[in-house]
Amino acid sequence: MSTSQTTTTEHHPALAHQFDSMEQQQDASTFGMWVFLLTEIMMFGGLFTAYLIYRIKYYPAFVAGSTSISVSWGFANTLVLIGSSFTMAMAVWSAQTSRRRLQIWCLIGTMILGTVFLGIKGKEYYDKYDECHIPGLGHQIIGKPFNTTGGCSATNKDLGNISKEIRERAQNDHEEVSEESANQTADQTQIFFSFYFAMTGLHAFHMIIGLGLLTWLLIRATRGHFDSQYYTPMELGGLYWHFVDIVWIFLFPLLYLISRHKGGI
Amino acid sequence: MSTATTTPVPVMPARHFLNDNYGIRSWLLTKDHKRIAILYLLSITVFFFIGGIFAALIRLHLLTPNGELFSADTYNRLFTMHGVNMIFFFLIPSVPAVIGNFVLPIMVGTKDLAFPKINLLSWYLYIGGATFSVLAMVSGGVDTGWTFYAPLSSGYLRGHVILMAVGILIVGFSSIFTGLNFIVTVHRMRAPGMTWGRLPLFVWSNYAASLIMVLGTPVIAITLTLLALERGFHIGIFDPKLGGDPVLFQHMFWFYSHPAVYIMILPGMGVISEIVPCFSRKRIFGYAFVAFSSIAIAVFGFVVWAHHMFVAGISVYSALVFSLLSYAVAIPSAVKVFNWTATMYKGSVQMDTPMLYAMAFIGLFTIGGLTGLFLAALGLDIHIHDTYFVVAHFHYVMVGGMVTAYMGGLHFWWPKMTGRMYPEVPAKLAALITFIGFNLTFFPQFILGYMGMPRRYWAYPPEFQVLNVLSTAGASILSVGFILPLFYFLWSLKYGEIAGNNPWKATGLEWETTSPPPTHNFHEIPIVTKDPYAYGEEEEEVPVVH
Amino acid sequence: MKLNFPIFPDQASSMAWHVDALYLFLVLLTTFFSVLIAVLILYFAIKYRRRPGHVAQQIHGSTLLEIVWTVIPLGISMVIFVWGAALYYHMERPPSNALEIYGVGKQWMWKFQHPGGQREINTLHVPTGRDVKVTLISQDVIHSFFVPAFRVKQDVLPNRYVFTWFRPTVPGTYHLFCSQYCGTKHSGMVGSVIVMTPEDYANWLASGKAEGSLASLGEKAFQQYGCTTCHRPDSGARGPNLEGLYGRPVRLTDNRVVLADDNYIRESILEPNAKVVSGFQSIMPTFRGVVSEDEIMAITEYIKHLAPQESNPLNNRTTPTQIRDSEVPNIQQQNKEQNEQQQQQSPQGTRPANPSGKKP
Amino acid sequence: MSDHSHSHPTPGLYLVIFIALVIGTVATWGIAFVDLGVWNPVIALAIAVTKATLVVLFFMHIYYSSKLTKITISAGIFWLMIMITMSLSDYLTRTFLPQ
């Protein structure tokens, strides 16, 4: 396909038969993407609703669970994702303004940042695995499978030191929390971790799909498919990527920052 | 449009979407919305009859009070799979994905839906979801009830819940993409002159249903995902043993599944709004009210879900709010019924098969809708909730309403889809048999329900037997009414009269193109200058046919 | 074969007639509108049938008519709403002096405990002329307690108490159904409610060999699990005093105020750290998996019976905010002594009044 | 159909938005460690909403889009609010003290 300067009145090679003009095609496609993002809002919305209800019900456990995840990594990841959104916006802009080389570099930048995000996420997941915080299997701990030193066992009431941390924090605040009580709270952090993994997992799944889309866009961009006449796929890819970014903007305070001031890193 | 009192013998167009090209590839890789509609028609018919067989077995089993035909386990699987098949694989795609897919783009005057590839993808998603569902069925089935209530489904039963949940998740995306396509097409693809006020009511109601598909379906997707995760990995979100709340599952489930009822009925209402004016030769009474009542139903439909949960242990105050809002959604439905009836007033009514179905729809939907008032009344719902009263009510709406409308629509647009007429006499007979059989099947269930017979019962106290026998007798009649069309529709493909472009002398763009339409629907994109249902403007003497 | 063909359920509770009145009103309404629509459709179809020389008369619509048939149904439905809501509100608030019976649903049977300690399976004996409140809980999945003759139904949830109440009026035997699908033998989870005259009921109670009243069973369990170690009336106790607690507002450490009802007591036994009373430390161990549902019910009944002492200032306080001052004891640092060696009590031998009660 | 004059944002504006987002992130992080009682989550969410709005308006070009697209997004938020508030209407009133 050529990047020749076709005007909208002529038949652009990317114009699908059911549309009358490129303008109508871009309009319809962008609108379609937004309608799709509506469904995404509702899908994450279901999780957010459930999260909210349990956060109210098990607030101390949510505090304990939130405190046990690393706010530094979460903070870093937020910056990474915002950065990737910026490069993505630049990629769309450079396609709109027919800057072929720049759009390729911006796409590559976005993909690198997206991969960094997933890498950090993977590291955080591994830490949770290492600390025996993965919920499931009837509230037993899955995690390190071998009951060697430091392994996770089903009878571990401390739930990977969460119970201990609760008591330490309480001590710092000059409060008294019995081991019993701390163990109960620790047990309830399973719900928090269920949400943590479900929400960040669904988000990461969207990131992976996004990286797939970006790869496809990159291939098309290197072939010079996009210019000021036709950049709809780039625009749609951008919308998707920014949406995933927005979800994280909410996930970060909701999961990482519950009552941080009570102590913890 | 030219009309002649002595119509020349219609001929089939030389080229149309069915003979444009041949071969399995031309169907499986088609991006033509009409062919995709045919693909949907074939697949949902299969699921309709699978679901129907389950229904027949259920009714057969309930002939005797002591559960003599099947074991309790088998019976539970039967009603679960009847529900899942009929709701997710037949009712939800029925009118939108078959009739809507076929006529909606032609009605708004475009060559195709906005995203033909996504349209094809949605059919493949349907088949993908159906595959999982069939896999779950043949490997032993699911016995959770179509409602999948936790913690029963997440921790207690042995059936293939995860397979079925995945199937429903996938088929959900099929319905999301259909809805998305409709919304964008209606907004962005209308022919010149096709203003919102000129849209056929079928388009309005499918648009409203599409809103629900897009906004509601993702919630069931995430809910069933969480359920499957809980079942597979025992994360504790719904199971109280793990710290979860089973009522939350019901909230999230009904957030979709109540509006889903309107996904099922709204397109059916659209069909009726097409048929009634056509066979009364009259403009629809109160066009704007019928159109906006569809949107009102779609919006209000989202704020009434907890009326399925009045006895589930929700807060008293919340129950009051949901009950009040439930009545709000009843009003637009009533408005529609009155408008359809008024449309017939001083018309020139001809009772061809589609009109018979439409009249049956209005009557049965009225009963179905009014019995909904019983269930929304808090103090009364306590008694009739989860009894056969509910079963009768939603079958009056779903079968008496939606399936009747679907059959009516299929007869109405059959000549457009195939270019040939179905035979009128057996069709009228089938409509009559369906009507009688349906009422005999489901009316006794209202009485059973108020007597207190709970739903999903494998065995029941003997005093309920007479009514159950009546119901089963009705079901056997009903099944004839559903099987008959299968034969005469197939027969008509070869031997049916050639229909011509507009056998009903109906208005609407779909009747201005050939039957069957050409691949790109129109040889020239029409310019719309008239209001919809402009009956009686030019023709004065419509010949009395049949 | 003699046809047994009833079309209306028995009316055996004080509510039945009220529910039926609304039902019959709606039946009339439905009949009226269905017949109206059906007659109109058929009449129009025949009167205006297509025939040579007959031409449809075009009418676009009528805003007046639209308003009429919007407002009238709205008015009617508001009447139904208010009627239904009034009934519901009445049905959702159990009278305070009701006879209290505890019920447990499990796959697939019902167990009931009377205040006198009598237990039954799949049958429930109740007297006429007395308000009966049934407190229900499930041991596994969601069930639903449904007595058609009383027009009551309540989903029975795991992990949470729910209530229903009725006042039986006519002696007889009535169906008890589980109406929420609960697994394979859902339709086998049925029983009967036997309504007796007060005299017969008293005789029946006397004939049942109870091990003692439910409250006394609760007291036994209360001591057996060592609850008395901490929950004492004196000021040095590590746990809140439970006398006169039931039915009163309680202020928690996070300043929330909750009502000390059955669910609160149950939660405090199973998840003691969830709602800690202001001024106390969260030191109580969980009894999840240690006490059975039956025992929790008995303990709850015992706590209900712990009448407030005249001298207890708690009794004189009405506003929740003031409770804290009266209840704050000195916090003593003591080593925790738990009763973890308490073995899980197997449920006591039940005394099924209905021998057909199935094994769980 | 819609005005397609395309007054698209410039890289300069994108950079400003990006910096604002970073500042918002740092602020969220910083404020989380200050005890503000019930205001902590409120402020965190307010910042998140602001950040999301910036992304939607500029990165996603809604500021320059047709009314239809704006309505679409508002509908999404509206329906999300329906789901959250009406579900909570049950949970938050369940423990109301009965008379």
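In this document, chain identifiers A, B, C and D correspond to the written order of the chains, with residue numbering beginning at 1 in each.
Quick note on the criterion: a residue touches a chain if its C-beta (ideal position, glycine included) is under 8 Å from a C-beta of that chain, and two chains touch if they have at least 3 such contacts.
Quantities reported herein were computed from a predicted structural model and do not represent experimental measurements.
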Chain pair, A-D or B-D, that carries the greater number of C-beta contacts: A-D
Chain whose Cα mean lies nearest the overall Cα mean: B
Computed distance of Cα centres, chain D from chain A, in Å: 16
Rounded Å distance between chain B and chain C, as computed from the means of their C-alpha atoms: 38
Inter-chain centre distance, chain A versus chain C - centres from mean C-alpha coordinates, in Å: 43
Contacts with 2+ other chains: residues of chain B: 187-188, 215, 219, 247-248, 252, 255, 316
Shared-contact residues (touching 2 or more other chains) in chain D: 1, 68, 75-76, 79, 83, 87, 91-92, 98
Chain C-facing residues of chain B, complex: 67, 72-73, 76, 143, 145, 147, 149, 151-152, 156-157, 240-241, 246-247, 280-283, 285-289, 310-313, 316, 319-320, 323-324, 327, 330-331, 334-335, 337-339, 341-342, 344-351, 359, 362-363, 366-367, 370-371, 373-374, 376-383, 385-387, 447, 450-452, 454-463, 465-467, 535-536, 540-542, 544
Chain B contact footprint on chain A (complex, rising order): 16-19, 24, 27-29, 31-32, 35-36, 38-40, 42-47, 49-50, 53-54, 57-58, 135-139, 187-188, 190-191, 194-195, 197-198, 202
In the complex with chain D, residue positions of chain B that touch it: 187-188, 215, 219, 247-248, 251-252, 255, 302-303, 305-306, 314-318, 321-322
Residues on chain C engaged by chain B in the complex (per definition of touch): 3-9, 18-19, 22-23, 26, 29-30, 33-34, 37-38, 40-42, 44-45, 48-52, 54-62, 65-66, 69-70, 73-74, 77-78, 80-81, 83-92, 107, 140-142, 144, 146, 148-149, 151-155, 157-160, 162, 175, 177-188, 190
Residues of chain B touching chain A in the complex: 110-116, 118, 176, 180-181, 183-184, 187-189, 214-219, 221-223, 226, 229, 233-237, 242-245, 248, 252, 255, 520
